[in-house]
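The letters A, B, C and D name the chains in turn, as written, and every chain counts its residues from 1.
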Amino acid sequence: MNQTLKFVTLTCSLRVGSFNAAIANALPELAPEGVIFEHLGSPGLFPHYSTDTEAAGFPAEVLAMAESILKADGLIIITPEYNHSIPGVLKNALDWLSRVSPQPIAGKPVLIQSASPGKLGGVRAQIHLRQILGYFDARLLNKPEAIIGEVSEKVTDGILTDESTRQFLSRQLTAFRDFAR
Amino acid sequence: MNQTLKFVTLTCSLRVGSFNAAIANALPELAPEGVIFEHLGSPGLFPHYSTDTEAAGFPAEVLAMAESILKADGLIIITPEYNHSIPGVLKNALDWLSRVSPQPIAGKPVLIQSASPGKLGGVRAQIHLRQILGYFDARLLNKPEAIIGEVSEKVTDGILTDESTRQFLSRQLTAFRDFAR
Amino acid sequence: MNQTLKFVTLTCSLRVGSFNAAIANALPELAPEGVIFEHLGSPGLFPHYSTDTEAAGFPAEVLAMAESILKADGLIIITPEYNHSIPGVLKNALDWLSRVSPQPIAGKPVLIQSASPGKLGGVRAQIHLRQILGYFDARLLNKPEAIIGEVSEKVTDGILTDESTRQFLSRQLTAFRDFAR
Amino acid sequence: MNQTLKFVTLTCSLRVGSFNAAIANALPELAPEGVIFEHLGSPGLFPHYSTDTEAAGFPAEVLAMAESILKADGLIIITPEYNHSIPGVLKNALDWLSRVSPQPIAGKPVLIQSASPGKLGGVRAQIHLRQILGYFDARLLNKPEAIIGEVSEKVTDGILTDESTRQFLSRQLTAFRDFAR
């Protein structure tokens, strides 16, 4: 019998009511059976990474996020695109996580979803993120890719309402569940 | 007659005594005539970017850095590589600067220098940074590229002592001065 | 008085009646005053690059293309996206051109246009191409970027008919003319 | 009991006596038990890809390579770096392979090795290649990465003689065997 899988979600826009949060909130109802979700804490609570700060001790928020990822069956990163790459706050979170031992993303199934108001849906952020996660030795789902363009027309009052996007994410989550098993 | 050019330097490792700082500190003595330098403030003083924080008003440190870049004749970014990309703290600084009006890097001559203890000298960070700066409409010096590998053997007590690196940077600064003019 | 500028165009899909050719053919009528165009020969006529073949002598087609680019005031590359990058045939042409002395793209104003039937318009090909051309020391126009999605709906019988794309390209060509001057 | 695995190798420099060929030839003696190798045909025999050529029928060389990859337990691509990316001839081979049905690289374990005379060992080619192969849905080994710099000092008379490179490749092949099983 298949056991229940737990996926943790990391959203990388700090804006209250962000499109990223709308997508993250929609995932549980779009997921196939046998999957539960947990939101990770905000990467906005991490200090800027420096080896000096690390030497003084890992922040509790970093250790908590690392622990949650380590225990999860899969990690879902939902990100906007800022200036043709991922937000600094996401990169900073990854910089911290890379220093925790055991590094929690190594060998972990990872799913990426990007969204932007423009037509390109954050694809450039996603390219950088995939490269970075290769170094973490993440097990990235290659296909299908969730590149959600014109997201401002697909979210209404903080709810992901666009039906074709919902159906696509549902299929992607099923693929990710099978990949993570 | 050629006027004096002012270059501002941005270092992106927050570590006290970082290799980046050693390189930044060496530049004035390696530069050709007619060039003066000014260190920008630390990007570690910026909060994490969010549209909510921006809406509450730009932090003074962000506005000060933007103003210094705007007035300068060229920007030099010196960066380590973290996890196959630029540090989160550098990306966060760029995310803030991209929102200031006028955006200070548009049309600005920019020089990139990367350094790492490994053989690859931060080349992967540099690839991401060049892509990001294209979106800022920076005028990037293409060649020669400063990709400084094995930097821990080239810096002694916080001083860049490696003679061939010093000569290379001297040539690069001359090329950048001519490019910026 | 401003002199007439000559731009040479390189199209990288070998298909008869390709979307790339439709775009290239539309450029003269969309361009501002003071610009003339010339199509470069097909990169499909170049052999696969190898140092052995080069040692036996540069193919005439390679030398002719290099000469045309060298004499031009700007180079326009129009490319589809194959497998998240540029077509092999375009990369092969660049591999050959990089070996000619003087290397004809060094310092040359270059404009990139990509097109694809999908929504993303070949942006991933464009990212690779920009990186590659940095190594050639090309002077790339950063903005505006021509990323033409859903191109199959914008070309009718081999003619670029979509009005908003035509207007965009017209503005881009004006920006490129000013950049090349 | 573990069965024997067959890995096919693709070398992408067409030069007789290339460094790539030296590496490919060394692999059998460096591999762990239970692995056999087969060289794929030269990608230099493929015509330039175009949909018109494809419509006239797939070249026999393309079909033969696709068949060999499909039957193999893993694919090893050994590539030089040309102009900050992979050679055109390799991209052209991939453009052809992407069109064969079933696409032979989908789900296939793939190992990348790059080599260059410079210090950076073809890392930039490898970045592009990893991105491209993600689209093929390849199962890429993330670590360890074989980025072989200063290769001209490591190959003598067409033989890979550098002992530390040989030991590294031996470890990498063991990791790839375990990954492919």
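Methods note: contacts are C-beta pairs under 8 Å (C-beta built on N, C-alpha and C of every residue); 3 or more make two chains touch, one makes a residue touch a chain.
According to UniProt, the chain labels map to these proteins: A, B, C, D = NAD(P)H-dependent oxidoreductase.
If you're wondering where the values come from, they're calculated on a predicted model, not measured in any experiment.
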{"item": "Chain located farthest away, centre of subunit C as origin (C-alpha)", "value": "A"}
{"item": "Winner on C-beta contact pairs when A-B is weighed against B-D", "value": "A-B"}
{"item": "Interchain centroid distance [CA atoms averaged], subunit B/subunit C, Å", "value": "31"}
{"item": "For subunit A paired with subunit B, centre-to-centre distance based on mean C-alpha positions, whole Å", "value": "29"}
{"item": "Distance between chain centroids, defined by C-alpha means - subunit B, subunit D (Å)", "value": "37"}
{"item": "Residues of subunit B whose C-beta touches two or more other chains", "value": "124, 127, 131, 134-135"}
{"item": "Residues of subunit B defined as touching subunit C within the complex", "value": "127, 130-131, 134-135, 137-138, 140, 142-143"}
{"item": "Subunit C-touching residues of subunit A, taken from the complex the two chains share", "value": "119-121, 123-124, 127, 147, 149"}
{"item": "Residue numbers on subunit D that touch subunit C, as the complex places them", "value": "13-16, 43-44, 48-53, 82-95, 98, 124, 128, 131-132, 134-136"}
